[in-house]
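Below is one structure, written out as structure tokens; the observations come after it.
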Amino acid sequence: MSDKLSFEFLTRLNEKYKIFSQLINEEEFLKAEGRYHFHFSAKDNLCTIDFQSRAGSRILDGYTPPFDATAVRRLRISGGLLIGKTNMDEFGFGTFCTNSAYGVPRNPFDPDRSCGGSSGGAAATVALLDGHIALAVSTGGSISCPASFCGVIGITPTYGRVSRYGLIDYSNSLDKIGLICRSATDLRTYLPLISGPDSLDPTSCSQPILDLSSSRIKRIGIPKEAMEGISGEVEAAFRKAIEITEEQLSIKVEEVSMSSLRFALPAYYVLATSEASTNLARYCGMRFGIVKDDVNAHFNTFFSEVRSKFFGKEAKRRILLGTYCRRIGFRDRYYLKALSVRQIVKEEYLRIFQDFDLVVMPTMPFIAPRFSDIQKMKPLDMYKADFLTVPPNLVGMPHISLPCGYYHGIPIGFQLVAPHWEERRLLHFAECWESVFEYQFPEVKL
Amino acid sequence: MKIGLEIHLQLPTTSKLFCSCSTSATEPNEAICPTCLGFPGSRPRLNRKALEMGLMIAKRLECRIPDVIWFSRKTYFYPDLPKNFQITQYESPIGVDGKFLFDGKTIRILRVHLEEDPGKIKRVGRVGEELSLIDYNRSGVPLVEIVTAPDLSTPKEARDFTSSLITELRYLIGISDKDEQTVRVDANISVAEERVEVKNILGLRNLERALEFEFVRQSKMLRAGKKIPRETRRYDEERKVTLPAREKEFEEDYGYILEPDLGVFNVGEIAELMAIPETPLMRVERLSREYGIGLSEAKKIVFTSYALADLFEDLYSKYPTSKALSWILDQLAANWSTLEKKMTEDMRNSILTTIGSILSGSISENEGRKMLVSIIKGEEFVGASQELNNQEVTKIICSILNGHPEIISDYKTNKRAANFVIGQVMKFFKGRYSSDEVAKLVINEIERRLSR
Amino acid sequence: MDKQEVNEIARIARLALSDEEIEEFSSDLEDILSYFSVMDEAPTRDDFMLNPVMIENVMRDDEQYQVIDPEILRQSMKVFEGYVRGPRLS
């Protein structure tokens, strides 16, 4: 598969689709030609010793980390060639990949549409490049959403399954590194490579061994609350996919009630922005990325100037929101309440998993929107678009988005959720699904 | 006056609290890594030793130790704080509701928690436009913070309390000698109602001075009928005064959240299995309780030396009398430090046997004292009889008998008449010789004269 | 959230916002926070967890080592005689 790849092709692909925030240079590419087993990309918030790692932000311009993220290192030592850093919403803050300081990636099925976010560059690259493996990151749906918009597979493993060492933090209790690829075979090959405990990330050290042995799927639940507010085309494709599942895969699919689902989205945004606003405190012009030479100002002014100038608008919005939610006097109502909600939602999932092997729902409530429509959306509308991807992310349960239909050639995905550490159920379902549903990939015209 | 303290002490680990950098670098910005510089993508990893030391302290201070603890992020912006948040403990300190007995008084300990130190700032340039030069070697060094209730009542007491506490912790976890000078204390002091906080006082001497200054300042204000404003002040070491801390632009809002990168720690189990060595004050209390001696005597023994206290315990368990105590205190405590250096097992046994013999009455106190002196001097203490200078002693015996001829005749009816001579001789030689030996010579001389 | 409150939060977060930004964020955050109020209906629990899965007792030994040459790290900062240059404190 790697023999098709040429540097010129990559460059032209990137010019058209803006999928990379930094591409491998020609010299390195030629040097590696024929000497790697597979090519992969890493989302720009994963630290790499030989590429800048800017997380889509201007404030990290010039930051080339002195270490590789564990997931990147593990793929390299398995014979992978890192061909570039994929474009993303600044620090992962977005649903449409329109918040990057390094260009807006285009949907491979329709360049006027969004490729989803925040791992938009990663999903688009996989849709455009056969055999490519993309390391992506999800906090509240940043793998599922672009995977569904770009018609590819996106797996978000259990929280703690893949070491976060070298991941530029958005929200440490929610961030998960996963994969975007085209087939279940790729998942089976590459997921074990990046999984497993890593002493450099304590949160990866309490995991059971990744077991991908076969697992029977007999019953799947659909939370009926998840079907409220789904667009007609998505609902139609989803219902059709469920029909196929029941008829051709002989899996029972039943509606279940999950009343805590309505709390999940606000709880997610509260936790994510609270943590993000502390993670982003370190960017102040003194130590990495943007480092100002002229220090002749009071530190408050100095910090404020750098931060105001180099953070994008959504980053500022989320810093403000997060700072507010953890303030004394507001912390109980927002931050601590959100922690309670996480517990409640988790318990509700566990209750459902007593009777069901998986939970399924559409990945996104609508197909990839046009950029012109995105411009008209208010921030809250954008946040609300995550209401299906957020719940499993909030509770750290593994989930996968698979293409399940097409509306006038634009892909639609559905998302399956498994209990903690049960990635094998997702993989098993993905393999079954491939046997009854054919994925379509865009025609690449450069 | 009520004083409460927040004492910050560095834990004597080899590496930092959340990374493997050294805690003892000398050149600036030498012991630094992505974690203690807050580089994006780096992660904290907890130093087990630091947690254990913290628990040891909490346990020693008789704190309630929760089953589970975690860390929190305290967010504020300052050039010495690489992440612009500090990893500390908020809702779940490693210990709460403890106490520390000191000089017969109980000081309540409100909480004990662990946290990372920020870097160290050097201010350069003209006052008012100082630039900061930062050394991040200190960033991430483990600190324990001990918070007391306002149970201290004088500056002297606050200093003595802190000093005893540090001595205790030195035995417990091996903190270094320099910690008395480098201990950082925030003190709350209220002479009347309002509480004034004096921040960042470095060392014991400054602590006492700062508190004394505050006491005088607040008392003067009260006498002048002024109200004392509730405020935060700092101590100026050079001018030896407290000054209002520069008003912050606004009150910092730390916005504490949980630190999700470390997980939780089941410290209840760890603490339960942990044996804490007996510290000096614990021993003082025990000696006083177990042997029924005064706290101040017990303290004198223990603070002279643990080895002396061992000796005391060995002796006192056999001869539980106040005399045993005074032998230890009067004869041994004073020169113990030089004595301890040359102490051998044999020497220790000789000391024990000698005092034992005195207490059982088998030798006289004077003899015993002599023996001790020579044991301590390291002289081979040879039995008195062998060393006895017969001629010299007999000469004295003769002169006494010559002056008191009635003794010879009294002796015929009552042998005890010899005791007077023995006593005189012993007195003359200031107990240099054993009474048995002297008695032998006295009786010999009397009998010699009688048989004449 | 009114503009004054946005200003206050911005100061805590060390963001110097323009008037237009304050205006915009004030209205955005108002929308968002009123939507968040749905959480008021959720019960409050005190058995919350730090992470979605249990992570407990992960510690390292007290060993001292450095993997990355500190000189490389110093190069990413502005350094004067070994010290990192920072802004004014007063």
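A, B and C are the chain letters, set down in written order, and residue numbers restart from 1 in every chain.
Here, a contact is a pair of C-beta atoms (placed from the backbone, for glycine too) under 8 Å apart; a residue touches a chain by one contact, two chains touch by 3 or more.
Keep in mind that this is a model prediction, so the values were computed, not measured.
Participant: Of the chains present, which has its C-alpha mean closest to the combined C-alpha mean?
Facilitator: If one averages C-alpha positions chain by chain, the most central is C.
Participant: Considering A-B alongside B-C, which chain pair is linked by more C-beta pairs in contact?
Facilitator: The comparison resolves to B-C.
Participant: For subunit A and subunit C, let me know how many angstrom lie between their CA-based centres, rounded off.
Facilitator: Computed from C-alpha means, the inter-chain centre distance equals 21 Å.
Participant: Measuring centre to centre with CA averages, how many angstrom lie between subunit B and subunit C?
Facilitator: Their C-alpha centroids are separated by 42 Å.
Participant: So how far apart, in whole Å, are subunit A and subunit B when each is placed at the average of its C-alpha atoms?
Facilitator: Roughly 57 Å, centre to centre.
Participant: Which subunit B residues sit where two or more other chains touch them?
Facilitator: 34, 37, 39, 45-46, 77, 79, 129, 131-132, 249, 253, 255, 258, 260, 262-263 - these are the residues of subunit B that touch more than one other chain.
Participant: Where in subunit A do residues touch at least two different other chains?
Facilitator: 63, 66-67, 173, 199, 202-203, 206, 277, 281, 284, 286-288, 295-296, 299-300, 303, 323, 327, 339
Participant: Which residues does subunit C have that touch at least 2 chains other than itself?
Facilitator: 12, 14, 49-51, 54-56, 58, 60, 67-68, 73, 84-90
Participant: For a test of understanding, state which residues of subunit C touch subunit B in their complex under the given definition.
Facilitator: Of all residues in subunit C, those touching subunit B are 11-12, 14, 49-51, 54-68, 70, 73-74, 79-90.
Participant: State the interface residues of subunit A toward subunit C in the complex, per the touch definition above.
Facilitator: Contact set of subunit A toward subunit C: 63, 66-67, 158-160, 173-174, 199, 202-203, 205-207, 260, 262-263, 266-267, 269-270, 277, 281, 284, 286-288, 291-293, 295-305, 307-308, 311, 313, 316-317, 319-321, 323-324, 327, 333-334, 336-344, 346, 378-380, 383-384, 394-397, 420-421.
Participant: Please name which positions on subunit A make contact with subunit B in the complex.
Facilitator: 46-47, 53, 55, 60, 63, 65-67, 69, 164-169, 172-173, 199-203, 206, 274-275, 277-278, 281-282, 284, 286-288, 295-296, 299-300, 303, 323, 326-328, 331, 335, 339
Participant: Please give the residue numbers of subunit C that touch subunit A in the complex, ascending.
Facilitator: 1, 6, 9-10, 12-17, 21, 25, 28-29, 31-33, 35-36, 38-45, 47-56, 58, 60, 67-68, 72-73, 76-78, 84-90
Participant: Where on subunit B does subunit A make contact in their complex?
Facilitator: So the residues of subunit B touching subunit A come out as 34, 37-46, 73, 75, 77-79, 82-85, 129, 131-132, 249, 253-258, 260-263.
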